[in-house]
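Per-chain numbering from 1; labels A, B, C and D assigned in written order.
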Amino acid sequence: GTPTGKGTASSGGGSGKSFVIGVANGYIGNDWRTQMIADVQQVAKTYEKQGVISKLIVENANNDVTQQISQIQNMINSGVNAIMIDPVSATALVPAIQKAQKAGILVIPFDGVVNNPKVTNITTDQYSWAKGGAEWLADQLHGKGNIILMDGLAGVPAENIRAQAEQDVFSKYPGIHVLQKVFGGWAEATAEQKMTSLIATYPNIDGIYTQDGMGMGIVQAYTAAHKTPPLMTGDVTVGFFKYWTEHENSGFHSYVESNPPGIGATALEFTVNMLQGKKLKSSSIQANPVDTSETNTVLVKSPLTVTDSNLQQVWNSTMKGKPSSYSLDAWLTPSQVDAYFQ
Amino acid sequence: MRTRFSSNQTATRIFRSPAMIGWVLFLLGLVANAIVQPTLFKLSVINSNLGLAAPLVMVAIGQTAAVLAGGIDLSVGAIVTLTNVLVVSLCSFHHTGFWLAAILGVAAGIAVGVVNGFIISIVRIPALLVTFAMMSIINGVALAILPQPGGQIPADIYQIYGNTVAGLPFPLLLIIVGVLLWVVFRYRKIGRYLIAVGGAAGSSRANGIPVTKVRFQSYVLSAMFASLAGLFLTAEVSSGDPLIGASYALNSLAAVVLGGTALAGGRGSVSGSVGGALFLILVQNIVYFANVPSYYQTLVSGLIVVMGLATTGVLYARSGKWRLTNGR
Amino acid sequence: MAFTERVKQRLGQSSRNSLGIAVGVAVLLTAVGGAFNRGFVSPSNLLNLLAISSLLGLAAAGQTLVVLSGGEGIDLSIGAVISLSAVLTSQISNGQNGLLLPAVVVTLVVGVLLGLVNGLGIYLAQVPPLIMTLGMSSVIEGIVLVYTQGQPKGQAPPFLAALGTGQVLGIPWLIIVWAMFTLIIWYVLKYLVYGRLLFLVGDNRSAGRMSGVPVAKLVVGTYALSGFFSACTGILFLGYTNTTYLNIGDVYILPSVAAVVVGGTALSGGRGGYIGTVVGAILLTVLDSLLTTLHMGEATRGIINGVVLLVLLSIYTRQPKDA
Amino acid sequence: MLTIEGLRKEYGAVVALQGASLSLVPGTIHALLGANGSGKSTLVKMLGGVVRPTEGMIWVDEQRLETGSPAHAIHQGIAVSYQETSLVPSMSVADNLLLGIEPTGKAGYVARRAIRERAAEILDQLELNIPPDVPVAELPTNAQHLLEIGKALVKRPKYLVLDEATAALRREEVKRLFSIVCGLRDEGAAILFVSHRFDEVYAICDRATVLRNGAVVGTRSLSKTSREELIQDMIGQRISLEPVRQETGNSIKKQSLRLKARSLTNSELGGVDLEVSAGEIVGIGGLQGQGQTALLRALIGAILVRGDLETEGHRGLFRNPSHAAESGVRFISGDRGREGVFGQRSIYENIMIGRIATSPLWQRAWQRGKNRAVRDLVEQLKIVHHSLTQEVRGLSGGNQQKVLFARTLASRPNVVILDDPTKGVDVSTRMEIHRLLRSMAGAGVGLLIASSDDEELAGVCDRVLIMYEGRIVRELTGDLQPSHITKASIEGAQSEKGKGAETRADSL
């Protein structure tokens, strides 16, 4: 059986108690998510040692809404104190979440967001994240040139926010012409294949805007075509950083803002704080990026931006020697998190 | 002279009935689940499990119709999605009343079935291919209708869905209604002809059965149940999502096979599929309550399902002389 | 009357003709791409398209054999086996040429073993192939997760990377490797006992059994071969991407089936061949690339993809009327 | 009165039927004769609406029949028992019997009790002792053919068409069928009877129409026509109807043992001992369904069995048919469509497989052009075809059967086991096949033949074993006569009744 934490479930408060926390992760099939879960587990271990957390339950749904709902319901039924959710859908989980809340369980959606005024989403600020890269690119191109947008997966909330940021930035520059917007599915190989076609079709690509997971695919496509990649935003994986460090001197420039898997660990910090009864500052809570009519989201700014200037330092300190699909990672320290609370 | 035929055949026949396999699996799953989750039989737990099971059960019933008639319907997941996004966007963005939206959503789903049925039975293109292509098309349409998750249905609808009526979980009533709806078809000529056509299309034709029409109807039936599933799922999640139905195509097929229905057609039962669908839902619970570590969950649930399939297959192979006719 | 009958028969039956149509459509799509954008028909893009097709083509090699073997044969575990193979080769070789051989051997053995499990489940336990391989696919994904603990390590050894992305005389190695595989598979199917029996057993398994064909060996072996080809694809795929990630093979599951069917192999088994699949893989790659070139939104792409597939299939997979 | 006018059917370049005309008169039985592939079944299928004619029409009582619609044909009182049967194997006997004409009750639900009752009635009439809820797939082939006939009879047709309905039946079953059919005739039905067996034709038919190469040669009154004349019509030449006698067998007999089985036992066999020598043709007779098929299958390892087996160079039971084939023991199934031919593959491949089935998988296969053996076999067996690359499903039943023989010959067997080898084969082909069997025996092959036709057993075998309830109860040798075999079958059953049942109960 699974331990129940009924004793503390109703209030969610009372420091000194030990909490059972469920993590309902919508998908485990890619490296970013496994790193995210590993981060959560790592932070949870420290709390377990301190006796703050008595048990962490991690469940993965196979990108299947009903499976995730079932897991949330199972967590409710086994009496956890809090449920952290990386949601498969921004909307479909709402009834399950309400059930959990009715049972006095704290619900914290993280990474993705949920459209429900009564939860507090903890997520990386995708808009400013995407905006940063887009502005860097436009700036480097001096507002002129042909670019390619390599986006993730249509219909996914994070993608829609990022697309909005891209559009907001590039539409400010009449000299920037978007040759083509393609979807690489956040998959390196798909990005590589799409890019290969694009390179052959467009001889005049001046810059590429891409998001995480796909930068290395683009670089591979250029390498295979015996060409140097143009100005491009990068991705957060070790593979890309390795290429970047090796080609920095031969004129390859990029910009990477971390979209850290550590957001899960950060969310766990928030969850523990909230379970202990702390209240968020009202300034910490902002509009839901998916549905701006709701104010329920803590937008965590990306903790780290990498450009040519700090590349070596970041590489040496955190990336070197890690597996190539490892993502540039960071999460907020307890004291940083404290700053969000009253 | 045929002594072997007359002796206690009924008993063996019931035991040999393919539906048995689905229910045996379901019972095994139930026992395993009850062991790891002592609270399983609390009304609220039953209720929430059934709420999730109802859509899959419905899709599986429809899929059984397509499979029995010798076909397959890969577009059921897309139909679930289509109904979901249509109902929600009509309710939320076009101020249509829920019931009207529901009718339109189901009608749209059935329309997909009509197109499937037309292409498969009249243009005569293999069902697997048609419904695969249709899946791609309908998912595209759903994405166009509702580019990102959102919308709401009236709160009372999903409250009803999660509630009990006369002491019975509402989703259970819906499942019963679904099964009854199937019974209406099964014990008329159409039900019989589905099995005949799936078992031997040429023979059916020679006996004056309108094969084309029966095939056509099987896809309309399949789509009808899928869109009802879409409706139930909408009631469960109360909002729209253009990717919501993706898992139903293959899960419903797994349920059908676990329920002892032959994918080649002509043999099987809806009750088995219901058992198969419930088994699949139980597997998720078992994996949860058995405290399987995160990285092992996919492996363990995969192994349970594969073992269930193998059991089904072995039991099936042993039931009667099918062995010789199955191409072994 | 006789003429329409004959045309119908042509369209309905002959796999050679569906092959012709597929070639025609591929050429047509390329021409359309060229009309919109000259770069699309540049030699380098055409070679690139071929190189991309080669991965799909290899992924669809095992699929072709499995479909040919009849009994509703299909292998949906191809994606998972590709992922596992890329991960295995990457982790074992750890980027070193010296370790490539053992890595490849282990990977191929694992691929074959997984294929064997598929085959045994399908043949002995009589689980329908569609469902068996689907279930195995989730088991294998689980194995990948457990084996990597979520983060695949290592990378392609330089030799493999060169094979995946390098060129010789301007022609990508991938194309050459694919051509070699194609030649071998074509030869096996056409001239070896295995190939000849595969078509016959695919047409009528019981008849095969009664005429003395070792059907079990043949069918189970075919699934094992499919595992073998998936493993090969995974290894080359690693060469192409240099490093791997957990779900690298997923993108090939459904396209591999589509390539087989578009290439004129009957899903009911016993008719078709690998050359058709080669054309099918090229056709699908060109179509995908064309839709990218034409600035299609994701919703429209899905719709167009489906419609094109439907139209193509309705041209040559039409079933003869019962009468 | 049913009239066929100028029916023509083309399959691509093949003309299966070229303008056939005939009429069925109520109260008569009309025979339709012709060699294999002459177009009989094609004509029958057009009557049943299964095949749509390219040209021509059918009139039923002055009304034009809508062609290509089985439902309409049934509605007009035409019921057909098809040569390849039109059963749904996964459905029960009762459901099959009333398939398409299910009685419905209130609110459109199918009246299941009524179905069972009517099914029981017709099973009774056919004296078929099988329960109505068994799936048809579980029945032996002869029972399936009887059901196919029952399905036509249950419709109480005005026009009954029987396409080789008797081919898989045994004598006593045929007799039963005839009494039913004659009853129908006396009630005013018209019957079209297709058969290759002349005794049957002469026994019940009034007139006969002969087809040759898809064209009607003529319609004759049978009372004024001899067999020789009919055969001349059918094949355009005279042949002798003398049975092939065992000239070769006795000389080599007992020379060497090809196959020796001891106490084969399973749920259907109660300990069978059996020996087949080189050059010997051993027949297996008996009443229907006494385990003949099970015995043949047990010998080649197609079904589970206990006991012992010995062939040249091999000792022990075979694991599967492939294992048997490796030792030169080959099987020709009685179920041609399902276990015989590869319908969508060429004649060439269908024959070649005999040679390569047991070759190592990675060896080069026997190639077209390099070997004339296939062409020679096709010519030797006079397989009617237009190209070696033609799909086998386009051949007539008899020619498909010959393809199976060619395959077996190509495999150079030691022992050939055959289940009903001339089922649905026309007289002249049948004689060719018998000659072929003899010449195989002459070449030292041991043959084991189960047949539903006692005349065939008498005509071609050296020895006939009579089976009853899974055991061999009699052995007939010497001068074999069909009537002796029939008599022995029935006597065997009677004398063994008491102890046979016990043995069987033990073995269960």
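To be clear about the criterion, a residue touches a chain if its C-beta (ideal position, glycine included) is under 8 Å from a C-beta of that chain, and two chains touch if they have at least 3 such contacts.
These figures come from a predicted structure and were not determined experimentally.
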Chain of greatest Cα-centre distance to chain A:
D
Here the gap between chain A and chain B, centre to centre from mean Cα coordinates and rounded to Å, is 35
Nearest whole angstrom, what separates the Cα centre of chain A from the Cα centre of chain D?
71
Note: chain C sits from chain B at a C-alpha centroid distance in Å of 29
With centres defined as the mean C-alpha position, give me the chain B-chain D separation in Å.
42
Listed in rising order, chain D residues that touch 2 or more other chains are 50, 302, 338
Return the residues of chain B touching two or more other chains; collapse runs of consecutive numbers into ranges.
143, 147, 202, 205, 262, 295, 297-298, 324-325
For chain A, residue numbers touching 2 or more other chains are 28, 34, 37, 62, 154-155
Under the stated touch criterion, can you name all the chain pairs that qualify?
A-B, A-C, B-C, B-D, C-D
If you look only at chain B, which of its residues touch chain A in the complex?
36-39, 42, 44-45, 48-49, 52, 55-56, 143, 147-152, 158, 162, 233, 236-244, 246-247, 281, 284-285, 288-289, 291, 293-295, 297-298
Note which residues of chain A are touching chain C in the complex, please.
28-31, 33-35, 37-38, 62, 154-155, 180-183, 185, 187-190, 192-194, 196-203, 213, 216-217, 220, 223-225, 239, 323-326
Show which residues of chain B lie in contact with chain D when the two form their complex.
1-6, 9, 13, 187-189, 191-192, 195-196, 198-200, 202-210, 262, 266-267, 320-322, 324-325
The residues of chain D that touch chain B in their complex are 48-50, 70-71, 73-75, 80, 82, 85-91, 95, 99-102, 104, 108-110, 112, 129-131, 133-135, 137-138, 151, 267, 289, 302-303, 338, 469, 501, 504-505, 508
Could you please specify the touching residues of chain D with respect to chain C in the complex?
10, 12, 50-52, 54, 68, 302, 320-322, 324-326, 330-331, 333, 338-345, 349-350, 352-354, 356-365, 367, 407, 411
